[in-house]
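In what follows, a structure is listed as structure tokens, so that the remarks can point back to it.
As written, the chains take the letters A, B and C, and residue 1 is the first residue of each chain.
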Amino acid sequence: MNAILQTRDLWKAFGGLIVTKNVNLSLAPGARHALIGPNGAGKTTLINQLTGVLHPSSGSVWLDGEDITRIPSNERVRRGLSRTFQINTLFPQLTPLEAVTNAICVRERSRLNILKRRFFRVSRCSAVIDEAYDLLEQLNLANDCLVETHTLAYGKQRLLEMALALAAKPKVLLLDEPAAGVPEGESDELFEVLNNLPKDISILLIEHDMNLVFNFADRITVLVNGEELVTGTPTEIAEDPRVREVYLGKGH
Amino acid sequence: MHSLLGVLFDGLAYGALLFVISVGLSITLGLMGFNNLAHGVFAMAGGYLLVTLMSKAGIGFLPALPIVFCAVAAGSLVLERTLYRSLYKSTPLNQVLLSVGIIFVATAGTNYLWGPGQQPVVIPEWLSGQYDFLGLDLSRYRLFLMAIVALITLALVFGLERTRFGAKIRASVDNQRTAESMGIRVDRVFQLTFALGSGLAGLGGALGVDVLGLDPNFAVKYLVYFLLVVVVGGPGSVFGTLLAALLLGVADIAGKYYVPQFGAFIIYVAMIILLLLFPHGLLGRRKSK
Amino acid sequence: MSDNLAKASRHLSFLKARERWKPAEMAFWLLLIGVYFVFPSSLVFASQILITGLFALSLDMILGYAGIVTLGHAAFFGIGAYTAGLMAANGLHDPFLGLLGAGIAAGIAGYFCSFLLSRGGDLTRLMITLGIGLLLYEIANSATKYTGGVDGLQGVEIGKLFGLFSFDLYGKTAYIYVLCIAFLLFLFTRSMMHSPYGLALRSIRENQTRALAIGIPISACLTNIYTIAAVMAGIAGALLTQTTQFVGIDVLSFQRSADLLIILIIGGTATMYGGFIGAAVFMFVQDRLSNLNPQYWQFFLGILLIVMTLYLRSGILGGFSRLAHAIGNRRNKEQP
């Protein structure tokens, strides 16, 4: 099995504080791989290193057989690596339609000639806009696509987070706590969206919501203090005493 | 050799003044991230207050200094409450515009009340003149300046490192949210720190009338220098500000003395180079929100 | 199904409506043409306003659309002004050539400066731009042999436009010249800001982190727009030189950068017209108040700034658009 996303001996330290310890993560193509662990385990830091926001102290990151450790963030997106943020990181004054159109235009940069990119009105790129609208429709955002993002409800913003990442037509999708802050009643919509994601996208999911994790993932890695504790199928993880210890403390 | 030491001495004295005025700005910038370009207005206010107290109220130089400190500190609190407070969460642009507005009002007002000319100040007898040290003629006033600034620096460092309040300031600069969750009233800390910093600026302005001059354009003229010192030293760091102030003081004086044709812009080139090398300041502490 | 079709075309028409030329816009430009006939004695002043408006538009590109706060934009204005002046004073009298030279010089400067902006946070960037502006001022001050120093550059002779129209004392030729150049550059900017490129810029302004995460090469984009803005500022500076046949050192001053920032804020950022409106308002009031008493002007400006930052965040045009929004909302509510 050739992993589509891989870290090799990844280490990250901030001064004396080691936040990533010798992580060798492997994401299989088409996988639904969850990354769990207590708060402060270094999950988001890991994602930041995968996307290029942070530079590892040592070790490497590989995407589809290519070493991307030195490649800047925006380039990684071009090669098919997309992410969402734990805290909504959106464009407040743009409408969802504009935001997604923007993301698609960026993706299509090389295919649009310079005149189209720089001087033609956005509304002339009707194919792009249609694609944006379709994507928003799939995520139940079609009704809200014309209002400014900052007016949207939190749950809708969370969906937009996902839409922006999907607009890049990624090979690998990194989801950082997509259910964060979403109240019980609105999380069904999110689950449905997650389940309907194309099967050819490989997904790495950070989550605390165990319901979501065990329903969605086919593989789980437990991260504790920046280090991989164990990786296995959901059943294996559920039965592993060490995992229970991590979450519930010793003596359970 | 002689002139080198002389330039060094003058530069250090000048830098010391820049430090006293700018340290308040550095702490408040590091603490609240508030871009207050109008900090020089407090220094200017201190200067004009000193001159007025001495000439109109007949108060002596030394006794007037603490009065200036307290008055400017109090005045700054009023400004903070009425104007600054509503813009803490606002964009840097808005903060810059507000402070530029304050500078304009202060400059125009000062011009109106005191006229456009330089304000003369009468330094007490025992502080004027030179002091012969190893063949060098050192200005007594500048020696006095450096002594005062050394005392203030010690007091600041002691205050920050050893007192409870100082610990609260350091905690709030490091990580506001955590500080708040520990029960520290960050807004209270900020108010007092702001007052302290502005008071120091006023004191610096008063001490600096003889060295830096005083006219209605003071706040604009020296704006760049104060900002420069803070940004190069790194917002939030007392030592960083001190280091930057002394460095830039010496660089400016040396530049004007040795290469007068390029004098003025040595300091700008130095600033740009330093900022490129240290984008977060020499000893800057990055704020984690 | 038909419901979806209706929605699909609705979103497209929404975008199209925003990009179309509005009647108010056309009225604006027609008005400017009208000024030529209605106020023949104030054409010099009108040209000044147009030039400042163009300069403000160039700042709007980087401030309003890309979100870079700069206090040193006058540097490029000044470089353009001096380039055009030096060219004219040394035998190259053709005005269009002057514009070209100014644009190139300012563009090169802008390009190199943009690399200095990628490091550090907002305040560091502000300081670097401020420092560059002050630095250039001092250089111009010292290099009196080339720039004339504080006295300004003399001997600037501008040739005839197209070899036919000379710049007259009443500023008639100048006004038409400035109006045409301004309009052309405006068209250029407008189409750019309504393109995918403009959309990408706005997203950088809105959230740099996210823009990077969707694949936008932020530094390259910012360098790009900064260079373009510098070229435009340089051309505006050249226009000033050519229409006044003089270059004063104040073209590089901090005052000019600060005033420009104020003008743009008054007019409203990211609206394409904020620069022109702001320039008109600012220069009118300045003309009246400055003559009364320069201190009143400064005081008034200060109060205005304070009030605006506290209460009127989006400037005049912003206020108008909010009003229009509110009226629109009221109308929507009334419909069933």
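Note that contacts are C-beta pairs under 8 Å (C-beta built on N, C-alpha and C of every residue); 3 or more make two chains touch, one makes a residue touch a chain.
Computed from a prediction, not measured in an experiment: that's the story for all the values here.
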item	value
Set of chains whose contacts include both chain B and chain A	C
Centroid-based (C-alpha) most distant chain relative to chain A	B
Chain A and chain B, separation of their C-alpha mean positions in angstrom	47
Chain B-chain C separation of Cα centroids, rounded to whole Å	34
Rounded Å distance between chain A and chain C, as computed from the means of their C-alpha atoms	40
Chain B contact footprint on chain C (complex, rising order)	63, 69, 71, 116, 119-124, 126-128, 130-132, 134-135, 138-139, 141-142, 254, 258, 261-262, 265, 295-296, 298-299, 301-306, 308-310, 313
Chain C contact footprint on chain B (complex, rising order)	29, 35, 83, 86-87, 90, 92-98, 100-109, 111-112, 220, 224, 227-228, 231, 235, 261-262, 264-265, 268-269, 271-272, 275-276, 279-280
Chain A-facing residues of chain C, complex	4, 7-8, 10-12, 14-16, 19, 191-192, 194-200, 202-203, 206-207, 209-218
Chain C contact footprint on chain A (complex, rising order)	51, 53, 72-75, 77-78, 82-83, 85, 89-94, 97-99, 101-103, 105-107, 112, 116-123, 125-126, 129-130, 133, 137, 142-143, 145-146, 164-165, 167-168
